[in-house]
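Pasting the structures in now, so scroll down.
Next come two complexes, and both contain subunit A; in the first it sits with subunit B, in the second with subunit C.
So, the complex of A and B:
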């Protein structure tokens, strides 16, 4: 059974996805000075709406803050062979973004440096980031 | 493409693994060979298609297999004017509940060969099967039903099935 849900993104997530299409990662500056990636619709501290026009670009390299090995990939996962899910704090961001990490299991460590691998074609979807990959040291 | 993103499509999918049981397994093996096989309740004599393990009314096990014909009566129907995802049928179309001759249950199947406004309860129809090379363990082997040149069935003869 399959349903194709059509969702409205709202202005902020829409701007984030539009950024991905342009191969940029955008975040929101919140009222405490933190940069939140992906950007939320509302400021978690003040509850004020986030304005899409105030989003800032962050780096495309970052640090793995946590990760988990996925031994049994499911339909729709970024890979059809076992791979890692990782939380990545991009340079310039204060929060972590969840995505797949393409690296052998025994090379993955918390704190390792990774970078965005863009999809061959970007359309305005989270999969425009194909995955993260290790930064060559 | 420079318009900002305002919407996304996120498919949600579930794969079901279905264990049909002995009776429905036999039915599925038969339909793979192009045959409709129902089962009769030894107590109330009603014939179920597809068959289950036992009669839901009498609570007794089915025993006798019954070969079912390709002809039947459309006991009711719905005209579909709004399509849903992945259904490639021209609108409007008619979804029919058909009691195949010799059964006491109905099966939902597409009706073709008649304009929706001419569909009638009681119409006599015939199953049109997919080409043999496409037969699978599925009722989908019956591609659709189409009207046959017979007088409509009397309402009294099928009102119990509504």
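So, the complex of A and C:
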């Protein structure tokens, strides 16, 4: 049994998801000067609301800051075979976004360069990013 | 502030429970905790539980568990959708009101019927993280990698934590995983959720724990050796795992300072379900393993009943002080993904 809740995503997360629909990744400038991706609704230091008008676009390439291997894919995961999760700091951002990374396990390293692979159809959801993939060297 | 003490504690021996339901697991533990006090659940000024409906797979499952304490005639009770340690915090605050002198804290959880690593995805931020369903082991592995990459710890340090946990658990009849293991052979095991090995992850445990608290003179009446809660504090870090430094735990550090953690700690029970997390917590609390005994019970690596393992840390520390194994202890409980929330309390036995 499931409860079919409808959620309002709010002015900042909503704008981030709309950005994904348009194949852009947005971040928020927080009170410490960091560009936070994904952007939160509230500033982690000052607790002040983040203004959606201050969102900035960041790069679609970035650097792996940590990764792990998921040996047991679960229902709802981006892949249905064992795959890697990665925290990726996109160019222009100061924080990392978590998503799947489509690369052979023995090629993955912290610090490797990756880029967003967009889904065939984007609808304003986190899965508009299908995964990250290595930047061809 | 009123002085509040732990006067009694009981726990279920963790294992996968195939036949008994939550109430059947809980009932004998409630009786065992109440027995030394001579009180009944009807005598309690306040009763509170910690559990998760997501483990039971049923809304308001905690209401049914009240049958284990007997809520009729009506009792004053509350519930937190968190580990029992956080229920203890609410009971401590309630006792500060001054109009009641006793409280019963209980918690329970059956992790084994489902895929607990996936169930824990439900606690994640629901818009940009939750829809990817990253499981708890994969997330922990990201944190372990960050720690290894930073050069703060080595794989050998992780193996040392696991070997000590299982060795200490040999003396703990409630633990699930115990035995003598040497670090070198642990490191020969294959990687599971790279960089974690299977033994860096907690077992799947079902369990329950129950504690009786009392204030001031009432505590001295109920127990010859009450264990006093000298400080307690709960702090929270940023929710998004990618927006904070996963190699440190600022909330544990702050909670430790507020709770009054000092250098003269004899025993520390730390709620670290994954081996690397114990190293983060030890550092955040400024504990020195040469003077403080870390996780003498074996900790959450030896048995990890979800929603219970945090209160068990406090109970284990208290029972060791009661037995005279030390004078001052620190107990820690965590909640949320990757040590996001942390509760620290400082305990003292009779001097």
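One rule holds for everything that comes next: the second predicted complex is superposed on the first by the 132 of 137 C-alpha atoms of A that agree within 3 Å, B and C clash if a C-alpha of one lies under 4 Å from a C-alpha of the other, contacts with A are read in each partner's own complex, and residues count from 1 in each chain.
Keep this in mind: a residue touches a chain if its C-beta (ideal position, glycine included) is under 8 Å from a C-beta of that chain, and two chains touch if they have at least 3 such contacts.
All figures in this text were calculated on a predicted structure; none of them were measured in a lab.
By the touch criterion stated above, A:125 is placed in contact with subunit B and with subunit C alike. With both structures placed on the common chain, the touch criterion links A:18 to subunit B but leaves subunit C unconnected. Once chain A of one complex is fitted onto chain A of the other, the partner contacts of A:2 are limited to subunit B, with no touch recorded for subunit C. Measured by the number of subunit A residues touched, the leading partner among subunit B and subunit C is C.
Once the two complexes are overlaid on the shared chain, A:75 sits against subunit B and subunit C alike.
Shared-chain residue A:65: touches subunit C; no touch with subunit B.
Looking at the shared chain after the overlay, A:53 reaches neither subunit B nor subunit C.
Touched by subunit B in one complex and by subunit C in the other are residues 7, 9, 17, 75-76, 125 of subunit A. By the touch rule above, subunit A contacts subunit B in their complex via residues 1-9, 14-15, 17-18, 21, 75-76, 124-125. Those residues of subunit B that touch subunit A in the complex are listed here as 1, 4-16, 85-86. Against subunit A, the residues of subunit C that register as touching in their complex are 115, 117-118, 121, 126-129, 131-135, 138-139, 141-146, 149, 191-196, 238-243, 246.
The touching residues of subunit A, when paired with subunit C in their complex, are 7, 9, 13, 16-17, 36, 38, 40, 44, 65-72, 74-78, 85, 87, 95-100, 105, 110, 125-127.
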